[in-house]
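What follows is a pair of complexes built around chain A, which joins chain B in one and chain C in the other.
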Partner chain A sequence: MNIMVCIKQVLDNASVPKLDPATGRVVTEGVETIANPFDLNALEGALRLTDVHGGEVSVITVGNEECKTVLKLGLAMGAAHAYLVKAPDGQEQDSWSVSYLLSRAITSLGPFDLVLCGKQAIDDDSAQVGGSIARLLNMTQVTYVEEIQEVSSESITVKRAGNSGSEIIAARLPALLTCEKSLGEPRYPTLKRTRMANRVDIPALDCTEIGADPDRAGALVKVQMVYAPEPRQRGELLRGEPEEITRLAVARLVEQKII
Partner chain B sequence: MGMDFKLTEEQIQIRDIARKFAVQEIAPLAAEIDESSKFNWPLHKKMGELGLIGMTVPEEMGGGGLDTLSWCLVIEEIAKASTAVSNYLTLSESMLNYISHLGSEDQREKYLAPIIDGELVCSFAMTEPNAGSDAGAIQATAKLEGDHYVLNGQKMFITMALQAGLFVVVANVNPGLGKDGIRTFLVPKNTPGLSLGKQLDLMGIRGTEAAPVYLEDCRIPKENLLGSADGFENVMKGMDGPGRLGAASQALGLAEAAFDAAMAYAQERSQFGRVIYTFQDIKFILAEMSTEIEAARGLICKAAWRRDHGLSYTKETSQAKLFAGKMCVRQVSNAMQILGGYSYSKEYPMERFYRDAKIHQIWDGTDQVQKIIIAKELLKEMK
Partner chain C sequence: MPNPDYQGVWACLDQADGKISGVSLEVLSAARRLADMLSVQASAVLLGHSVDGLAAEAFAYGADRVYVCDDEKLKDYRAATYGKALESLIRSYRPAIILFGATNNGHDLASRLAGSLGTGLCTNCVRLQQNEEGMLIASRPVYGGSLMENVACGGARPWLYTIHQNAMEPLEPQDGKTGDIIPVKMELEEEDACAKVLKIIPAILGEISLTDAQIIVSGGRGLGDAKGFTLIQELADTLHAAVGASRAAVDAGWIPYAHQVGQTGKTVSPRLYIACGISGALQHLAGMKNSDVIVAVNRDENAPIFSAANYGIVGDLYQVIPVMIEEFKKVMAGR
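Moving on, here comes the complex of A and B:
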């Protein structure tokens, strides 16, 4: 099996994001980053498949040189290849442009039997990139995959989280899966593989190398403003006899047009 | 730039792998390991898979080829979760150091890989009822008879003896020569004549399954002699590995675990209407704890750095071990003072920390032995 896993570098969820009032953006400088946790579940799922069926796992991300950190982690966990897709200078990225760049890169590096993504990134939670890549590659897609049940050279059977319960779906390969946490607790990177990953020269591919049109590789969504929600007001404590406070509470709710 | 206290990116990566493993895999089992006093094979094997065993063994021999400092960082992290488990690593690394330095090609071929993979535990059978740090006083004998050595003697306090598949046994080939007759031998567990005593019921580091080892006409092929027949120097050279720095790092990790618990508790606990951290007496204890922990770290890092740079590190290692061991006992006791009654209950880990602490002033050379070594090195420097 030849599997590509898409990984996004996100801000460490252990830190509380801060907003820069001047730019209206989340401050990224000096903040620790991690690999998007769902992407690591996807990688674990991919590695388990190749552990059993043979083949290779590759990892890919879109970003700058610093994003090589998540690719190195992918290599240290067991991926055989890693690729950085360089976003064109001066272009903002959104779900569309990242999907476009990844789909071009996957085409030029492929073929792959499977493309795996996390079900969503924990920073913008948009859950669009997986589906968009599948659409751009005209590939079968199954989202919110909880378990991979069977794989043959032509098809895959998975259990997915549907709206009204779990669904068992058989899909023709090549396919793209977006993965839930239950796909597998990411394995520890070994010390040897960590060192090996540090020594690997990870290729950084630009638009020309992956056959992408630089003019299409920018964001379609313009972010006007990012703001933090107002801090919640402290509630009001009503004291007194039950009958009296019930009357008061109802009056307040009517006042606030809640009932 | 004469001095640089920064860790390399790789050292940080390695430390973080160990930290995560310690928090997620070891810490939840630490109390159980202590209570049952059982060696935990699954953890040992997982540490082997991760590459935490044999970190300092050269890559061409199947080890990690890593620096001493990286190894010390790993031991510290593992010791924060469990002193016993960190000792699995320290002992294994010491024995690997012995075999990789002194072993013949055949011996290395046969034993390094299984120890590194976490499949085989190798114990060090040196200490005897009447000989510990004074290796010259060892009474076990190894008599050459044809193609075999015949070993006789009694070994005491042998850490992990009950799980070991292999022993590095220290014995004397000619008691008349005193310490010059000392040699080391590789003795597989199933060798007839080698038997194990009852597991020692230890105060701390429970889970290391220490026991006495008895040798009664235990015949081993003469190829099992470890190292050339260089005598006492052999033993000393073998001991000159990273093991003692590992012991110091274990003490450091344990003291840190106690500090972390005390620091958190001091900010949670209220008495007389205020958080106890605001009492000067409490915050002064914590300030002192953190200072001493940092001092121990400095000594350990310096000794490790000297070893990694091919400089002598005997004195520095003993200084680090001496200070870290004493510091650990002192600071775990201080942490208990802050936690009060909660530190004295077996429901919380602090009482285990206290029982685990004292060994650091005893094993791998007592404080007094470290002082002898330091003083000897000081005299050498004068000459």
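Moving on, here comes the complex of A and C:
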């Protein structure tokens, strides 16, 4: 199996993202970054497939040189190849831009039996890139995959979190899947692989190399403002005899017609 | 700039088992309000099999027009067939704006459409309004709800939006209201689907899913062990609520991941969220703090969860929850 896994570098979610009051944007300078957790679940799912069925896993991301960090992690976990797609300079990007650039890059690097993405990135929470790539590449699309059950040369059987329960789906290959956390806890990179990954010269591809039109790669959705949500009013803290304060809390909910 | 070739607001409705989903009624209501704001028509799109009976409900919730695409191949939701049907409808009838529910299927379909149309998509919107310049601004939570952003689509139409559950109130249905039904015939081949739904495993009978729930009762590390969820379930059953969990409880193996609320689980915003034995780690707070009302039960009065709670009960949950169950049962019995 030849599998491509798309990874996004995001801000470390161990701390609350800070706003720069001057620009009205999230402060990224000097903030730790991590690989989007759901993308690593996807990578783990891909590696488990090639562990059993053979083949190679590649990882790809869109961004600047700094984003090579997540690609190195991918290599250290077991990916055979890594590719950085350089976003055109001086241009704002959104989910569309990333979908378009990735779809062009995947076409130029392929063919792949499977393309895997996380179900969403934990920064913009868009849940958009996977489905858009699938359509741009005319691949079978299955999102919110909870489990990979069976693979043959023509198809893959997966469990998907649908709207009214889990669905067992047989999907024709090539297919794009977006993955839930349950696809697998990401394995720890071995020391040997980490050393090897650090030595790899990761190619940085520009629009020409992937056959993308830079004019099409601009953002369709523009961010006007980022702001903190209205802080919640600190409520009532009830202390005392458990039975009494519980009755009081229930009475409040009934009074306010919440129940 | 409005493009005169593309007109009106569409609501793409989720349906299953002969019913329009709750979030779709919110989506349709949002489409109605938006259409009024822009002085255009609101239409509903029903894709599925044996769905024509649902048009009356769509009219009651504000649709001027209902496009019905009834086809056996649309019985199960599948990205390729639903996408093909909707793309073809868009080409024929050219809406300016399409709203979807922010559900798994809604995101699946909207993201696919965004890829084929090359037009803007804003997901998880909690508000849609025009600014002074007449620009349509969508507000959406980001970073798991830690921050909000206002975004605007530009360029080609139609613009696509998915609407967050419980963010926009459904309108009062007006029974007996009618409008135009436009049946649409599609040339769909089973081949087009590229995928077969072999089986649907419904949520456990009576189990309410987190994203649909009006009330959620969640348990965390403070439960002490997996058995604690029996008590959480009993409280949830009393309130017809869904059961949620903190990441700590999921990681401890007390409850499946599907119940996890938070940044790496599900982001929820029910009418009432009851957090039991949850300290309130950043990632959990981000995923639930947009709930209308939060009740927290915790022994530690310095637990961060209390900073988000409307009512904080400082006490042992094993003493508090049984009383809650008893009291709620009395309230429910009186109705």
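The rule is simple: the second predicted complex is superposed on the first by the 235 of 259 C-alpha atoms of A that agree within 3 Å, B and C clash if a C-alpha of one lies under 4 Å from a C-alpha of the other, contacts with A are read in each partner's own complex, and residues count from 1 in each chain.
To be clear about the criterion, a contact is a pair of C-beta atoms (placed from the backbone, for glycine too) under 8 Å apart; a residue touches a chain by one contact, two chains touch by 3 or more.
Owing to the predicted nature of the structure, the values given are computational and were not obtained by experimental measurement.
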* Asked: Touch check for A:R135: first (chain B), second (chain C), both, or neither?
  -> second
* Touching partner for A:V221 - first (chain B), second (chain C), both, neither -> second
* To do: May I ask you to decide whether A:R172 touches chain B, chain C, both, or neither, giving the answer as first, second, both or neither?
  => second
* Asked: So, A:K257: does it touch chain B (first), chain C (second), both, or neither?
  -> neither
* When the two structures are laid over each other on chain A, which of chain B and chain C touches more residues of chain A? -> C
* Which of the two partners, first being chain B and second being chain C, lies in contact with A:I122: first, second, both, or neither? -> second
* To do: Could you tell me if A:R234 is touching chain B, chain C, both of them or neither one (first, second, both, neither)?
  => second
* chain C residues touching chain A - in the complex, by the definition given at the top -> 14, 16-17, 21, 76-77, 79-80, 83, 103-105, 107-116, 118-124, 137, 140-156, 194-203, 239, 257-258, 263-265, 267, 271-272, 282-283, 289-290, 292-295, 301, 306-316, 319-320, 323-324, 327-328, 331
* **Residue ranges of chain B touching chain A (in the complex, touch as defined)** => 9-10, 13-14, 17, 20-21, 49-52, 55, 64-66
* Show which residues of chain A lie in contact with chain C when the two form their complex. => 11, 13-17, 19, 26, 37-38, 94-96, 99-100, 103, 122-136, 140-144, 157, 159-172, 175, 180-182, 216, 220-229, 232-239, 242-243, 245-247, 249-250, 252-254, 256, 258-259
* **In the complex with chain B, residue positions of chain A that touch it** => 76, 188-192, 194-195, 198
